[in-house]
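Going by the order they are written in, the chains are A, B, C and D; count residues from 1 in each one.
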Amino acid sequence: MNKVKAGIIGATGYAGVELVRLLTSHPYAEIAAVSSVSYDGKKLSEVYPNLKKIADHELENADAVIEKCDVIFASLPHGLSEPLAEQCLAKGKLLIDLGADFRMYDEEAYSAWYKRPYSHPELHKYAKYCLPELYRDDVKKAKIIGNPGCYPTSVALACAPALKNGLVKTEGIIIDSKSGVTGAGRNPTQGTHYPDTNEAFSAYKAGEHRHTPEIEQTLSDIAGSEVKITFVPHLLPVNRGIESTVYLNLCDGVTKEQVVEAYEKAYADELFVRMEPLGSYANIKNVRMSNYCDISLHFDMRNNRLIVCSVIDNMVKGAAGQAIQNMNIYFGYDEGTGLMMAPQEF
Amino acid sequence: MNKVKAGIIGATGYAGVELVRLLTSHPYAEIAAVSSVSYDGKKLSEVYPNLKKIADHELENADAVIEKCDVIFASLPHGLSEPLAEQCLAKGKLLIDLGADFRMYDEEAYSAWYKRPYSHPELHKYAKYCLPELYRDDVKKAKIIGNPGCYPTSVALACAPALKNGLVKTEGIIIDSKSGVTGAGRNPTQGTHYPDTNEAFSAYKAGEHRHTPEIEQTLSDIAGSEVKITFVPHLLPVNRGIESTVYLNLCDGVTKEQVVEAYEKAYADELFVRMEPLGSYANIKNVRMSNYCDISLHFDMRNNRLIVCSVIDNMVKGAAGQAIQNMNIYFGYDEGTGLMMAPQEF
Amino acid sequence: MNKVKAGIIGATGYAGVELVRLLTSHPYAEIAAVSSVSYDGKKLSEVYPNLKKIADHELENADAVIEKCDVIFASLPHGLSEPLAEQCLAKGKLLIDLGADFRMYDEEAYSAWYKRPYSHPELHKYAKYCLPELYRDDVKKAKIIGNPGCYPTSVALACAPALKNGLVKTEGIIIDSKSGVTGAGRNPTQGTHYPDTNEAFSAYKAGEHRHTPEIEQTLSDIAGSEVKITFVPHLLPVNRGIESTVYLNLCDGVTKEQVVEAYEKAYADELFVRMEPLGSYANIKNVRMSNYCDISLHFDMRNNRLIVCSVIDNMVKGAAGQAIQNMNIYFGYDEGTGLMMAPQEF
Amino acid sequence: MNKVKAGIIGATGYAGVELVRLLTSHPYAEIAAVSSVSYDGKKLSEVYPNLKKIADHELENADAVIEKCDVIFASLPHGLSEPLAEQCLAKGKLLIDLGADFRMYDEEAYSAWYKRPYSHPELHKYAKYCLPELYRDDVKKAKIIGNPGCYPTSVALACAPALKNGLVKTEGIIIDSKSGVTGAGRNPTQGTHYPDTNEAFSAYKAGEHRHTPEIEQTLSDIAGSEVKITFVPHLLPVNRGIESTVYLNLCDGVTKEQVVEAYEKAYADELFVRMEPLGSYANIKNVRMSNYCDISLHFDMRNNRLIVCSVIDNMVKGAAGQAIQNMNIYFGYDEGTGLMMAPQEF
């Protein structure tokens, strides 16, 4: 079997290099080209010495990547993927975009939060928002895959069964998320300088984070009516992982058993979603270096409230792993191909 | 001026040794005796080598501490402070209890959450719950001081101005708190074993934590009507610090300005509460090793919601520092005596 | 091809569970049985929730493991592997012992440091000390494989080319090593309690660590004359990784170039040893979750001294990964089978 | 009593802000002015929010600081302190320089390692290298105080009693040091970006660190003959603290008892040096946030070697605390004034 030629644009960013790491173990894909604006001409393993003898590819430019590859993963700041998409479409190549440009179906919502209009509005009809567990069928229909954001992945999987089954109200949803520092990217800043981040903890962008409209798009779609959320992310002094604690108001008369059953049923056949036994808590340490999402359910019946804790590795299920999962589906491989490694236990 | 003789029962626990550390710098108090069930006969500095040449006191038993001291700090598991209180009262000595036994005014609420009745119900009329910023006048009236819990301190200070001024509704209050590992105490467990805790994060006791009724007692008292909360704590991989993110529903028509003004006014004269400028976030790193509580205000006006972030050092303002603050008030010293050290910046 | 049936005795210890994690990705081995004294009857994934849906094996006893498997990995405190070895030998099954019992060729050295004689001295003639890069040929000759200790692996690979080529003196070798906390095992202790370990650092067992004779055995063998070392380990506040900084006295007239050449040549064909370019430093972060050993060379020519820095993942190349590498060699698989995953970059 | 007016040039660097933090608790000094090139015009507490309500001083320029203050602390990159010294001398003000410019008595050694000649060679006769425990008498004689470097402080105190008493040889001294990340300063770099530093460890500048000649100057002076060392620093993933493990060759016939006695005697009256009991290890966690140096002695008698472990808080005893200790001596205050706080226990 011929391997699919995979290329990564933005390969020295954190999501980019995670794609490299994961693809080096993929049996049906080979990394055919990688690019980086900042390190053009260098070897990838000079930037990431962990990849020495493993991914010594020379960093080229984006055009070369598109030329040489069948599937192009782009991991770029928002606004930069639309022109790439145009090139990929023209050459009949699949773009899996890990940025924000192709996640929203509503340009107005996109531009309200990202403060720019689409540069190529005509392309968006070819794009699908592909969170496989919720929109698996859309993957094969896409020419451009909008790969979900990290926080939205953890939140959508946490809420979907309850909303889809009408077990919780669409009002009053509160999401308190915490992300490891890799979520802030590779660029050194004062806020991610070790002595500033270590032994520190705070919220940021409370009620203002750009993942808000993406979360609302998905939850509204699942619920079948408009959902507005309050979303507050926090910076967690760990390298990897996102934990989202979601507060949902149970509909009148809904029992714990109904909720548990709905979640168990929704995820029974999902390769990458694991329900915690009641009384256990989803912990980021159990999903590190893997594509799993672990979910635990908790009840505050004094207030008729469901509390869902959901954890992912922000760099794997929240970015590169999910992108490869989408690639697998698109090309007809088993969904877990190259992604079944056991999570790091410590 | 004669120094007050201070004693610590449970001096080798984390709150106990923090009391020792802070009292060694107090100009008007001297540590006259310390006790520890586990290390009776040893020197304190053998258990805590950081205290070598500083607090080489021999660990005695509780009776000796009560005998020798004017003020007794007790830092013990719940249920053990009531008998001590009886002894202290009998000898006319002040007990500052860092445990849970004297925090609740309602025995029913206490026994519902702590699963035991009071052993000495008659003592509780001498006890006051002393969170100085909210109940300063009660401190001098107390013969037994119920020192607030760590989470409740961070939450009560976060909510008080909004509730007291009727700016937020009493329904739908959600509190998402995160605590450093010292909050779990000194006893080694699997859950606090370094490789299990490092690079890990999860909720625990969601909706079930024993600080819930203490928080509800205070918020109800401030609001003037019953308040029920959903409270979910999380274990944070840092040594010190609590961050509470509190979600409150604004009353109709309430503006940001009104909220900001209410908080600024409430805490203008408070030595240990600092309001962050708008746009900044309260961060545990700014209060470590100090008695400060930093508070920041955020608004999600799309959902008419106030988000308050509040941080303390769980071992200082959340335990030992606040206890000394209460001691200072009780004995008529300046409230900040021995507590004005600048927080650790890194 | 039939998969080899692998069993793990002591599967809930850190090295044991790491074997499980790695073997779940091995194409030619299957985990046929696992045992644990502490958790007999439980599922492995109840003890390690990261393994849910991946390794839900029930924990049995050691006899069952030996009965059902072709190769038995034992990860036990010293003194417990000799009786197991007897059983395995009797049944013609390969024992790969990750403990200390079969690492020494000299019983006297073993008993001097481990304070016990061999219980089964007659078994030791079937045992080989198998550090593949140095003793590859011995692996196939062994019936009992003594898998090297973590520190000795990092040190032997750091020193071998210099000693073998007579570039450094055998006197005055000083080894300053630092190990992540998983090296201390899974059992919670005061010294590995998160608040005691985090933001802490110290040496331990200076000049007294039991890996000393194992290191000396290998260095002496390589040098062809007795080598005595000073070895000081330190506890490093990270989960995984060992760094050894080794100080060696250059023989008169030896040049940098000779040293570099000797190392490059020694490891040119080694799958799992990577030489850093001159000027770079071996860093534990580049080998985490992998079987690599990275080595960097530094020179203090003012003192005619070679400084070698060597890093491994203590749980992989320092334990479970090397054990699988030995299994691969023994059974004639490619040496890197199941071990070629790229190291974690963050 | 009039307070001494203290000024800090470079107040927003890590050593600078640590001076601020410590001086706010000093009973006989007041911070009269602070400067920062990067933040001129801002408030110090805007840069360091932990100092809000505590040190809200406006950042001025260096001239203003010299003008307004009696003692000027400078914490600047090397090469910038000589012109300041000229100004201070001209105005009769004491300069305590935390940089490298006034630590070396030998210009040749300085320029060999710092790659620049002195710009003001004539000033150096007024300067003294002031490590109080070794050169207390020099403090009062200085007009310019060269405050010791962090690594040299930990190493000199570790070696002095052994060298001074002729118990160890001057050859073959090896120093393996590990420093917390604050040692790398406040400026964000790739190497100190949280995900690059966390769970990482490596050596750097092996045999090339600029603290080498400073260490050799002191050890040679103590030994009374030239001492050359091999010095290898490592970056430790903690905020604060330096641990130095020093390997020394015992002179023939020297006993453990002699060594222990020499250290006990040397430091018996020192306020800030604490000897660990035999069998205990100096740990950075026991000195954080304090001016203490803890020292432990270990023996490898198989190799006739003394191993000394020494720990300090790199920002306190290794920088700001020692500078204040020097100020106290110079002005005739008790040496520990403002520095007697107990170390952070967790």
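FYI, a residue touches a chain if its C-beta (ideal position, glycine included) is under 8 Å from a C-beta of that chain, and two chains touch if they have at least 3 such contacts.
Remember, predicted model here, so these are calculated numbers, not experimental data.
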{"item": "Farthest chain relative to subunit D (centres taken as mean CA coordinates)", "value": "A"}
{"item": "Of C-D and B-C, pair with higher C-beta contact tally", "value": "C-D"}
{"item": "Between subunit D and subunit C, distance of the C-alpha-averaged centres to the nearest whole Å", "value": "39"}
{"item": "Rounded Å distance between subunit B and subunit C, as computed from the means of their C-alpha atoms", "value": "46"}
{"item": "Contacts with two or more other chains, residues of subunit B listed in rising order", "value": "14, 182, 195, 198-199, 237-240, 283, 285, 288, 346"}
{"item": "Residues of subunit A defined as touching subunit B within the complex", "value": "172, 174, 176, 178, 195-196, 198-204, 206-207, 228-230, 232, 234, 236-241, 243, 245, 247, 281-285, 288, 296, 298-303, 305, 307, 309, 311, 346"}
{"item": "Sites on subunit B touched by subunit C in the complex", "value": "14, 180-182, 186-190, 192-195, 197-199, 237-239"}
{"item": "Touching residues (chain side subunit B, partner subunit D) in the complex", "value": "14, 17-18, 20-21, 24-25, 48-55, 182, 199, 239-240, 274, 276, 280, 283, 285-290, 294, 315, 340-346"}
